[in-house]
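As written, the chain order gives the labels A, B, C, D and E, with residue 1 at the start of each chain.
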Amino acid sequence: MNWIVRNLWLVPVLPLLAAGISALAKRKSRAMAASLAIGSMAISFLLSVWAFAHVLLLRSNGQATQQVFNFRWFQFGNEWLSLGWILNPLTAVMLVMVTFVGMLIFIYSVGYMEHDDNFTRFFCFLALFASAMLGVVIANNLLLLFMCWEIVGLTSYLLIGFWYEKPSAAAASKKAFITTRIGDLPFFLGIVWLYAQSGTLLFYNNGAGCLESTSINHLLTQPTPLGFCSATGIALLVFCGAIGKSGQFPLHVWLPDAMEGPTPVSALIHAATMVAAGVFLVARVYPLMSAHSGIATELTTSTALQAVTWIGAITALFGAVIAVAQFDIKRILAYSTVSQLGYMMMGLGVGGVAVGMFHLITHAFFKSLLFLGAGSVIHGCSGEQDIRRMGGLRKLMPFTFATYTVGMLALCGFPFFFSGFWSKDEILHAAHSWNISQAPYYMGAFAALLTAFYMSRQMFYIFGGKSRLTESSEGHSHSPVSPDHSSHHGSNSPHESPKVMTVPLMLLAPVALLLGFFGTPAWPWFQSFLDATQLAVDFGALSEGSMLPVMLSSSVIVLLGLGIGWWIYGRRPIKSAEAPDNLGKLSPPLFTFLGHAFYVDALYGATVINLNTQLSKISDWLDRWIWNGAVKTVTNIVLGLAHLDNFLDTHVVNSGFDEGCQSVSRSGQILSLLQAGRIQGYLKIVAGAGIAFTLLLLWKAKI
Amino acid sequence: MTITFLLLAATTITGTAAAMSLKNLVHCVLALTLGLVSLAALYLQLGAQFVGFTQILVYVGAVAILAAFAIMMTRSAEPAVLTGSSSFRVSGALIALVVFAVLGWAVWSGTGALAVLGPEPEAPVNEIGVALMHRFVLPLEIIGLLLTAALIGAGILAMDETRRTK
Amino acid sequence: MTPMSGYLLLSALLFSIGLAGALTRRNAILVLIGIELMLNAANLNFIAFWRYGPHPEALTGIMFAIFSISVAAAEAAVGLSIILAVYRHSKTTDLDQMNSMKG
Amino acid sequence: MPEMIDQIFVLLKHWLLAYVPAALQPIVSAVLSVVPVLVAFPLLFAITTVLERKGLGRMQNRYGPNRVGPFGILQPMADGIKSLTKEDIIPRTADQVVHFLAPVMLVIASFVVYSVLPIGKNMVLANLNAGVLFFFAVGSMVELSVFMAGWSSRSKYSLLGAMRAIAQMISYEMPLVLASVVVIMAAGSLSTVAIVNMQAGYTGIWPRWYVFTPWGLTGFVIFMIAATAESNRCPFDMPEGESEIIAGYYIEYSGFKFALFFLGEYLGMFATSAMAITLFLGGWAAPFSFLTWIPSYVWFFVKLLIIIMAFIWVRGTLPRLRMDQLMNFAWKFMLPLSIINIVGAGVWHLIPAGFTRWLIDSLLVIVSCVLLSRGIRRGKSFHVRTYRFAS
Amino acid sequence: MLGEGILKGLTETARNFLGSYVSKDRLTTIQFPEERLPQIEATRDFPFLVYDGTEWEAGLRCVSCQICEKECPPKCIYIEKSKDKKPDATGKLQFYPTTFNIDISVCMSCQICVEVCPFDAIKMNVEFEMSSEDRFGGLLLRKEQLAKSNEYYNKIHPTEATAVDAALAEERAKAEAKARQTTEAKAATPAPMATPEAGETK
């Protein structure tokens, strides 16, 4: 237990501190906020690298790569609630990825948000998000994880709705927040159930943690009324949280709308980190997920994992299909993220932690690269986001074009060089060898095809053909309100982004390229790092088993997708912004159907929202007429009684009493005359009394 | 009903009536002294020599002078305008009359039985002294105490405020 | 008309004269003198009853008269000093103006 | 024979009475006993005025009236005639009735007082058994007349003089009465004749007068001082301090009323000194056993004259006292001393005769005298007198 | 001890009282109208005019030089000068006052007129019983009443009178000597003129 483990808490706390200071700072102190955020991120990055090196050191000298530090938080009753953080290969990798990507995006957003008034507020939220994300990563306690999880949700709400003047942004942030909350509710139920069963929420507490064998076995033995054991139940509930947060199938609607936020936000949160949190959660509680009463050794998938796989596969296919019919540059990337997340979930379900995580890491890098590229394109086209109005940017923005193509190819999984290929292949390979059913493999493959297709469509739209920007930019720009793309640049023609934006692109591009080689079947360093297995360079693995055919088939798929893309869009790029999409011309109804994302929004609107409004109407009616009525009648009764009482009081009691008082005071008046202070008056009274007594005496004496 | 009794009674009544009705206060006091002296004479006529002389010594000697002093000190000697509302005075006189009527009636009807005319008892002073010292020694002491208290009290009350608070 | 009833009548008359004076006159000193008169009337009664009473040798009537004279003297002294004190404070001996305890 | 001379007047009266018809007996006897008193004391008054003026003169190294009659003997006649002939002015604003009544009441009161004084053996007008009380009762009437005089003449000086006189008289009446109480305790009776009889008799040649007892002596001294104050004479003549308020309460009187006032004043003086004689100097008893052959009334008048001479003598020497000194002296010295004297007399009767009795009493009196005198002098830092104007 | 002072006072008056009968010199009072105190020599009441010889009109020493009238503080002297002259004691012809009044109700007997008179003509008299019924006339003394002889002067103020007489005599002697010298000179110088010399009256 050396210094870094004990002080791992510094990693999330530094950005939190930065967020706090810039929150209190004045709007004008822009440089301070930026430097604080970036500085704290840099320090956290260094600490993460130190932690990563520490874990490597432990691996190299064969010690247990997992170290835990728990402390007692507060006591309720005679039990202590203790929190803690954990440092194991999974945490190390995620720490490095999040801090590195976050730092680059911070630097990028300095340039991007330069002209924004709420610069400091933006950096404060970014720092807060970073600290929350890091908190999720290092948490060794499910409750701590859940707390950071909630802060992440909050920051996503704040960042999406950063330009809250725009009604669409405000609605989008609300939507994101509510849908993730819907996901978080079962997650919380899961936590409670877990705590009830296992008595502690600490993952690893040298034996007593909830993810350790004793509590897992205990959970397995607990039957639930629904038939499956409580472990599965908890796993499914926790997975619901992951669905909400990572935008899996039923709860993915908020992700595309989240594009309303500034591009660095999309890049950081909706590409690299936050959405990955769901996947990370599943990876973190993997022992719980994969627990099943069957033979522990052999990788038979438990019901939870099967669910994960199916959900992942469906989402992957679904995201890819919709992405094809989108026109907004960032919406295309959003739906591609949804499908890639589906891939990750499927990878986790079929391949285990290493497979899913490897794709997560690679995806984080090239997706953030793509988003930043899109950001510089938008910046260049002075706020224009609709790809139909772009075009011909390859000559105008060479750097962006180059890095963008690298990102695109990595995403599609262009054979051999690009990281996307290796990580996706791993997943397809695992799916292929999944013992339950082959459907996920085919869905995955078709999704890969569609991925390649819509990415190439996008490329040709943006960079191919002539620039369509001049025609319509003065007509109406898609986002008139977004302040940062105002025609500040004077000349409307697109131009290359400033150095501060292109440098992160330049850094991300090579990583996107080279990262793949860390997880190739030949030299599976990443997998062995995560699974803590022995590492051996073995080129033979490439060809053994079904590895080779899967790789070949996937590369063919990718090439096929690119070709179709070039066929439809590359040869005859559309002339004007209003021209219909080439694919659209083929089957307009299908195209528009896909354009509206299967009308899922409308569906939800129709069902859930509608249900909600109906319910509110009913309750309003109920409230207005039934309860209100009852209350009104009661008040009326009371009122009546009050009037009656008032009448009685004033006319019967009061007046009576007043009369009494009147008479008393009148008699008092008379009596007071006697006491008027005239001494002789008193003397007369005495004399009178004297007379009376003597008369009485005499009269008595007489008889 | 000897002549002297009638004479003395007449002087007493005229004296006291004048005392009560004269406007000028000093004249009232003097008329009062006349009345009191004739009352003392009545006491002598009744044989109570000691009481008569004490009456003169106390009332004429001290009380009348005290009243005179009081009149002087409160500047009531000047002829004060008599503002009394008549009803006020009439009611007073009426009540007094009624009291006299009742007492008179009581005396008239009551004393018929006690008309015994015993021998003229004479009360020599030393007998009074003896009685004072034996039977009435307690009242004597109390009277002594009372008189000293009255002396001091009257002194302090009438003393000039400035000297009293010093 | 026994001699005694003569004295009693005289004392009654004296008493009522004193009372009339006390009631009608406005000046405090006169009221005090009126009260003195009433006391004297009482004394006269005492002496009359002593003189014509059954046991003159008991001297009670005389004793009573002596004590009542001394008390009356003390009372007159204190009364007059009170009147003086009131006069010094409120510059009036008119009873009607002395009707409030204030000040 | 001496007995006959002694009782000459009594016999004369009885002799005259014999001629009067029985019906008028009481009245005539009253008149016969009153008239000599009414004549004798005004005569004495006349003599005293002359004696006084000549005595004072002699004390001040000058003759005194010697123009009227041989050696000024007829001076009182002249004064009398003068006062009779002088016009009797009554101030316009004066209160006529009270103005006239004042001197009359004064003189009457002064004369009535003599009825109780035993001038000679069984020569007392009215032998009341409460004689001393009667003396003081009627004596206090004098103050009232002084008030009437002062107030009725409606002048500031007279009122001021009257108030001073009354205050002084009342203050000194207390010591006077208390001093006489001592004798009454010793004699056991209030009647003056009884008191004189108690002092009759001689031990050896010395008379058994009360003045020769320690408490008697202090009583006598207190009595005389109080007497001077009572009659507004000399050291205490504040009321008619000529230099300040021009003859005090009888300022507005002139002519005969003025003379009456003088008469009243002197009669008062004679009365108190006569009472002093009866109480302390054994009344009409002869000073020595071998002198009893001289008639009783002679001794009475001799003692009276001696006391008058004493008055005159005191008048010649002492300056006038200031009002507050006078009052302080009365209340802080005389009264306490007389009370202590009464205690002394009480002690005297309890202790059997003998030297201890004398010692105790004299000690008691002397010690109290010294203490009280220091008491008086204590507050008396002589400083400029501050005046307090009537508020 | 209290009363000490009183006793001392009493003894003092007693001594006076008895003393007055015993030693005569205590009683200094004299019965005025019958006995009189010898007047001291320097008493002065009101002024009078001195005349020499027997005949007052001629012997008046006053030459009405009116110095006393001017000097008199209360202005009670009134002089009227005569027109003709009369010979004075040394025979020299001098004026004389026709009227010389002194109002003694005003005069305060300050003796200034005596001091300033160069001819010793006015001196202070000792007569004080000068009351009169008439307030005005009675108190205004004329020349006749004022004139008194020199012998009277010597009687009332002996020492002073003798000194004055000596001075006057010496003066007259000197005047005679001078007169004699002038006659001798006249005789020596046969100056025929012979002035009739005033009769020298002493």
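Definition applied: a residue touches a chain if its C-beta (ideal position, glycine included) is under 8 Å from a C-beta of that chain, and two chains touch if they have at least 3 such contacts.
Everything numeric here is computed off the predicted structure, so don't read it as measured data.
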Quick check on the contact network: minimum steps from chain C to chain E? 3
Output for shared partners of chain A and chain E reads none
If you tally contacts for every chain pair, which pair is highest? B-C
If we define chain centres by averaging CA atoms, which chain lands farthest from chain E? Would you check? A
Most centrally placed chain, judged by C-alpha centres: C
Which chain lies the greatest distance away from chain B when centres are computed from Cα atoms alone? A
Taking the mean of the C-alpha atoms as each chain's centre, how many Å separate chain A from chain B? 115
CA centroid of chain B to CA centroid of chain D, Å: 29
Rounded to the nearest Å, the gap separating the Cα centres of chain A and chain C is 110
Where the centres are mean C-alpha positions, what is the separation of chain A from chain D, in Å? 131
Hey, what residues on chain E touch two or more of the other chains? none
Do you know which chain B residues sit against two or more other chains? 50, 54, 62, 69, 88, 91-92, 95-96, 99, 103
For chain A, residue numbers touching 2 or more other chains are 680, 684, 687
Which pairs of chains touch one another in this structure? A-B, A-C, B-C, B-D, D-E
Contacting residues of chain D [partner chain B, same complex]: 95, 98, 101, 128-130, 133-134, 136-141, 143-144, 147-148, 151, 159, 163, 166, 170, 173, 188-191, 391
Which residues, counting only chain C, touch chain A once they are in their complex? 19, 22-24, 31, 95-96, 98-100
List the residues on chain E that touch chain D in their complex, please. 1-2, 6, 9-10, 12-14, 16-17, 19-21, 26-29
In the complex with chain B, residue positions of chain A that touch it: 680, 684, 687-688, 690-691, 694-695, 698, 701
Under the touch definition given earlier, write down the residues of chain A that touch chain C in their complex. 676-680, 683-684, 687
